[in-house]
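Chains here go by letter, A, B, C, D and E, matching the order in which they are written, and residues are numbered from 1 within each.
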Amino acid sequence: MSEVLNYMINGALVGLLYSLVAMGFVVIYRASKVFNFAQGELVVFGGFLVWWMVVSLGLPLWIGLPLAFVLAALFGLLIERIFFSRLVGESVFAMVMVTIGLLILMRGLILLLFGPQVRPFPIIFPLQPVIIGDILIPRALLIGGIITTVVGFALSWFFNKTRPGLKLTAVAEDHQVAISMGISVKRSVAFAWVLGSVLSTLGAIIYLSGKSLSFLASEIGIAALPVALLAGFESIAGVLLAGIIVGTIQGLVTAYLDPVVGGSVGMVFPMIVMLLILFIRPTGMFGWKTVERV
Amino acid sequence: MDPAGVFATSFARDQALIRTGKQGLALALLLLFLLALPELVGPRLVAVATAMLITAVVAVGLQICTGYAGQVNLGQAAFMGAGAYATAVAATTYSLPFWIAIPLGGCAAAAFGFVFGLSAVRIKGFYLVLTTIAAQSIFHFLVLNLPQSWLGGSNGMSLMPAELFGFVFATDRSIYYLCLVIAAIMVAGAFGIARSRHGRAFVAVRDDDVASGMMGIDVVRTKAMAFLVGAFYAGIGGGLWAYYVRFVAVDQFTLFHSIWLVAMIIVGGIGSVTGALVGVVVIITIRETFISLGPTFIQIAPSLGGDVVFAALNVFLGGIIAAFLIFEPRGLMHRWSILKRSYRLWPFPY
Amino acid sequence: MLELNNVEVIYSDVILAVKGVSMRIETGQCVTLLGGNGAGKSTTLKSISNVIKTEDGKVTAGSILFDGRRIDNGEPENIVTHGIIHVMEGRRVLKHLTVEQNLLIGGHREPSLKAVRAKLDEVYSEIGRLAALKDRTSGYLSGGEQQMLVIGRAMMARPKLMMIDEPSLGLAPLMVDEVFALLARLKASGMTLLLVEQNARVALELADYGYVMENGHIVLEGAGEDLRRNEDVREFYLGLNLDGERKSYRDVKHYRRRKRWLG
Amino acid sequence: MLAARDVVMQFGGVRALDGVSFEVGTDELVAVIGPNGAGKTSLMNCLSGFYRPQKGVIEFDGVPLSARGVHQVARAGLARTFQGTHVFSGMTVIENIMIGRHMHMRSTIADAFAHFGRARTEEFRHRETVEEIIELLEMESIRHRPVGTLGYGLRKRVDLGRALAQEPKILLMDEPMAGMNTEEKEDLARFILDVREARGIPVVLVEHDMGVVMDLADRVVVLDFGRMIAEGTPAEVQRDPAVLKAYLGENR
Amino acid sequence: DTTYNIASLADFTGPYADVMKDLAGSRHSAVAWWNAEVGKELGVTLAIKDYDHRYDAAQVASLWPGIKAELNPIIALGVGAPDATALAGRLPSDGIPLIMSTAGYGFGWKPDPWVFNPRATYAHEAAAFFEWYRKEKGIEGPLKIAVITSEASPAYVDIGKGIEKYAHGATDQVELVEMVFTEVQPTDLTTQLNRVLKKGAQVIDVQTNTAAVVAAKRALQALGRSDVPIVMSSHNGITASARALGGMAELEGDYEVYGMAMPTDEATEPKKFYDKLKADYAMQGAWTVPTVMGLNQTLVALRAIEAAAKKVGPDKVTGQAVRDALLSNTITSAQTFGVLSDVTYTNEAPFPTSGITVNVGTVKDGKYVTAADGVAVPTIEKW
């Protein structure tokens, strides 16, 4: 019994990690209606920034990490400057397509800047697991889960309850209207990317703490996708719950079904759960119902 | 807009693809060039051309699904894989000839795509799009975990070369011609579909699915159809691929391949069959140029090292795609039509 | 206040939509712009607010001056800081947001939440109907309600010049009166108005001056009264016959009677 | 032909339609008027099968609509135009109108693939009908323009052309004349009359221009807050005190 | 002098880009050595040229005809699965043998080969380790092993299957307690490892990638189980994994196993050969596993060419002749300077299946050392 509980708790915490990455999707979506296909690369890039500061330059964590965040923010800004500032008023479709181009570009850039080697990632959270009775919880995931939850609620408040948050939503809804009301679309989109990039770096820290880093880590972007879809792209707090659901299911399936099947069911299962739930709720559990009117 | 002096005198004329003598001539020359290609260029370029032809079939399918019907599809490589596997199974397990096996591959892929398209009954917009990524994982999972005797599992499947009345398509040249013929048929078909009521229905559903429903278009069916057609093309491409490489394995059809396919139609121009072809040619040409020049670079400047030279390739290609999106989000075809228009109006600017 | 000199607008480098338009609006005036479909009215407004930039259009000749300063081809989002607001045609509500959120967006430049609230109350009292709808998702409002919402949203920005594209579009007669009464009040309060309208009758009643556009050109201009007396305007915009009575729509016998002033 | 009985349409707390019953005969132009938010568009949506009313039945040609999907209603012969614009902005004018012909065309996707033969001849045949409509609506010069680049008024005309191309048995129009000047309204009015004469189909028209309504309608239905407050000939309705109060304004 | 060409397929931009500098570098250097010290006497010069295939079968397929036309090579050097899969069908008709740098896979285990691996399969190598370790530690009863694998690549799946097959046939030697499937970059393996350790696993086999080794190691550290070693393979071995973990000391007591020389600091025969290449033949690669991989495949190719040239004459060497030489000669360990054990190919498999040995490396007191060499490889049935 405690075994089941253990898998569920750990699964849920891994799920919260997915939530954090998924939050990157959602934040950019909420502020610009763009689904960012390059989210996984953003995580890798953030990871490399941390590696660069902490391992390569050997800065202590308390300088290295903030510096990595600053650089990530600047990178987000750069993305907006180079790509999206010219696309104001273009269709969302075009902007989404840009993120596909960005994915390929970033992969090349990461290879060129940081090389293809597998790099060590600093141990940011202590390794010793938290042990409660029979239950064993990895500390990085636990701390990560707490951070994710806090960040999730804070962002949710920001987007839903504050005036700047509302402005971002307006931009996402309709560039032209936002512009005609004097809201700078460029600035909002830039903010979205800065936020997305910073969140990705945070995600990388929790994901990779004490592990290794190479461009293959971008897989997390795909793993987090069912979480974002399940929650619905508009809901930041919903992503937390969706992450817990996906993670728990994945944890149980990996533990009990994989050995039986002799294959990796844990990888496809979230996708299948996602498909099933979307059939019941087409815009995710908490996504906005699209206004369909004539 | 028509060139000055060209007026459509009949609907046939107005709708024809080839509207001027010059265009007809250009097309004829292109066909002639493609036919003569193996005589004109070396085997490496023939192989590149074969890869382009196969990719073109897949990309044109993606264009129909994504460019016309607006259903961004990131499962195109998986659909291609489904086609390749179906062809391989048909050709090896059931020893069917290639002219049955390839269409069968198309149909199998179409069925796979159709299932995803059907989720349009409930799922809309980007949610639908992203479910196609699931196609990729499910394909991968199925191939590896179904009994080995079905799809070969991690072993992959090998094929014998295609054969027609005793002629064996084993040389690169013969495969090129096989691909050329099939690609030509498929591309012509795509033009036909794009201009037909179905093509229009695809675009209608893309532009406004609520209104198209009230115009008598069955929206769900149309979306599912778009996936079906797109996946059918992918499947045919997969079948050709199976006969070209004569070995199919699950890691030949990854999400990253799907992404590249999307990149191709972006560069060429969303919503144009010709655009898809242009995109395929442009991207593959750039890629192959780099790959061919790479070793030379390394020989000239060994200190650079292969890693630097080839990493630069990815940056360059990614940069090109991004540049297209920034400066010409509607792709090369759009640029071309603007050029054409100003050329026709010349010397008057507007 | 606003001056257009020989403005030419081109979309996508190929479509010439406005071909040399000049007009002037004095502070406190209400100027109306009439014209058939595709004449270039909306394009003219968009070129003033620079929204054309987002549609791949640009002002390729001439100049637009606001309070003596060139504003053509600037950044569209800065136009609002000059005090110009553009209510675009087609009831562009932010459809997933509530009515109140839409209004808050209009007042996003207000320095404090209190100031927004105050302005919000002002708008609610001017357009009583919006208060009752404030928590409704704006995408689900009826056409007329949306029209009122976008006008209210523009008011939230405290503009000096309000450009409204077809405000009466889709409004019931009572509502048209209401909206125009509102515009009259705005004008009386010192706001300058540039009005694109199809409902020439009410527009010319309110307007001090009017322009008629055809095919990207200004073909006729004059004081409101003069235009109302103009034969062509009477026939084509007011739908009156030569005796000054309203023709019946059943009496119209054939199409293609359109008279073109130019080209 | 088309009948609504006790239709109730509720959105959350909002009753857009509150027990509306009415009927459209086989050769009748019925105008629906009412203040903003009265439920006119909701009614049109129910009639065309886009909304499913919570209560009541809508019958078209004797068949209840609830048995059909939206596109099937259209195929059964009901066409409509939209309040605001719902054109296909990525397509040219011709293609938009050809969409109206979609359901009359039969070629399969395989025919389309081959392109020669059936798909082609069919295409030309229907193109002819479309050209007639283009001529009728004076859109020759913008035939090949993508609709996304047209102004509001022209888009509405495309919308109308598309509905006409459906060769419907009944035509529903939601504020077709909004955004047109008098001259253009006259043209369109003439046109609606012609369509009725030539094709003899009934029309349901939602319009705020009282001039148009009075001149064209055979019968007028007045809605307010989802209820029908009056019904009758234009003249009768115009005099109805309830209508004056709710819609027209007392001073008219 | 007759000049012949060697096609060198490389992955500079794909998943193995990180090791390619060493791998490709050692190929070039070995060819330079051969030209100077062997070829000259024979009257044969070899030229080698790199092609980037991004580890993509499609790319290989499109490169190959050009390679054939441009180079007309007598032999090709490959990196991994894409080369083998894309070319297996065409090599016989093209008459060009392909030498891989890796160990073999079950899916390549077919008779009449044109693709050759210098080593047996990964499963063979792992099996040799298990038997050695069991004996070394004096374990009664079967050794309990857990395998960390992944479905990300069919190759990983194949390794797992091979070990399964071996475990099935050698129940007295090993007991496979569980096969754990993970992502390419696992999020966390603590729970999974906790589970397999509870089931009594004594060795954790990780033959997928470095990221998985790191995750497994961290999990073991978190669980405080330094007594359970990880066994790695060549492509994710100790040096690479230690670099990704941030230090050799992290892998104290863990093992790597493979059928070629280990790049330790000890003054072994292969190391001396490497030092010579470094000094005289512009060796680009560092003394790492990829370098050894590049060396072993190139040396096999070079020795085969040598044998062929001796047999048919220096001006009549063809791909076919090279293949015949591969199948009819044993390449002795001396000929490869101890980089490989004696390699004998048969017509039954694309890799040597008997008479081969593996080496075991480990970390002792923070230093990378050989734990055992010449460990015999058990036979495994084909899977």
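The working rule: a contact is a pair of C-beta atoms (placed from the backbone, for glycine too) under 8 Å apart; a residue touches a chain by one contact, two chains touch by 3 or more.
Composition by chain, UniProt nomenclature: A, B = Branched-chain amino acid ABC transporter permease; C, D = ABC transporter ATP-binding protein.
This one's a predicted model, so the numbers in the text were calculated from it and none came from an experiment.
K.L.:
How short can a path of touching chains from chain B to chain E be, counted in steps?
P.N.:
Step count on the best path from chain B to chain E: 1.
K.L.:
Counting one step per pair of touching chains, how few steps separate chain A from chain B?
P.N.:
The distance in steps between these two chains is 1.
K.L.:
Once you find the CA centre of chain A and the CA centre of chain C, what distance in Å lies between them?
P.N.:
Chain A and chain C have C-alpha centres separated by 43 Å.
K.L.:
What is the distance in Å between the mean C-alpha positions of chain B and chain C?
P.N.:
Comparing mean C-alpha positions, chain C is 47 Å from chain B.
K.L.:
Report, in whole Å, the distance between the mean C-alpha point of chain C and the mean C-alpha point of chain D.
P.N.:
Centre separation, chain C to chain D: 27 Å.
K.L.:
Mind pulling the chain C residues that touch 2 or more other chains?
P.N.:
Where chain C meets two or more other chains at a single residue, that happens at 12, 15, 140.
K.L.:
Please set out, as single numbers or ranges, the residues of chain A touching at least two other chains.
P.N.:
Chain A, residues with two or more chain partners: 108, 111, 115-116, 262-264, 267, 290, 293-294.
K.L.:
On chain B, where are the residues touching two or more other chains?
P.N.:
In chain B, the residues touching two or more other chains are 140-141, 144-145, 210-211, 214, 307, 311, 313-314.
K.L.:
Chain A touches which residues of chain D in the complex?
P.N.:
Chain D residues touching chain A: 41, 45, 50, 82-84, 86.
K.L.:
Would you tell me which residues of chain A are touching chain E in their complex?
P.N.:
3, 6-7, 10, 14, 17, 55, 108, 111, 115-120, 122, 127-129, 136, 138-141, 207, 210-212, 214, 216-217, 219-220, 223, 251, 254-255, 258-259, 262-264, 266-267
K.L.:
Which of the residues in chain A come into contact with chain D in the complex?
P.N.:
294
K.L.:
Please output the residues of chain B touching chain D within their complex, sorted ascending.
P.N.:
Contact set of chain B toward chain D: 1, 11-12, 14-15, 188-189, 191-193, 195-201, 203-204, 206-208, 210-219, 225, 229, 271.
K.L.:
Spell out the part of chain D that touches chain C in their complex, as residue ranges.
P.N.:
Going by the criterion above, the answer is residues 11, 14, 33-41, 83-85, 136, 138, 149-154, 157, 175, 178-187, 189-191, 193, 208, 210-212, 215-216, 246-249, 252.
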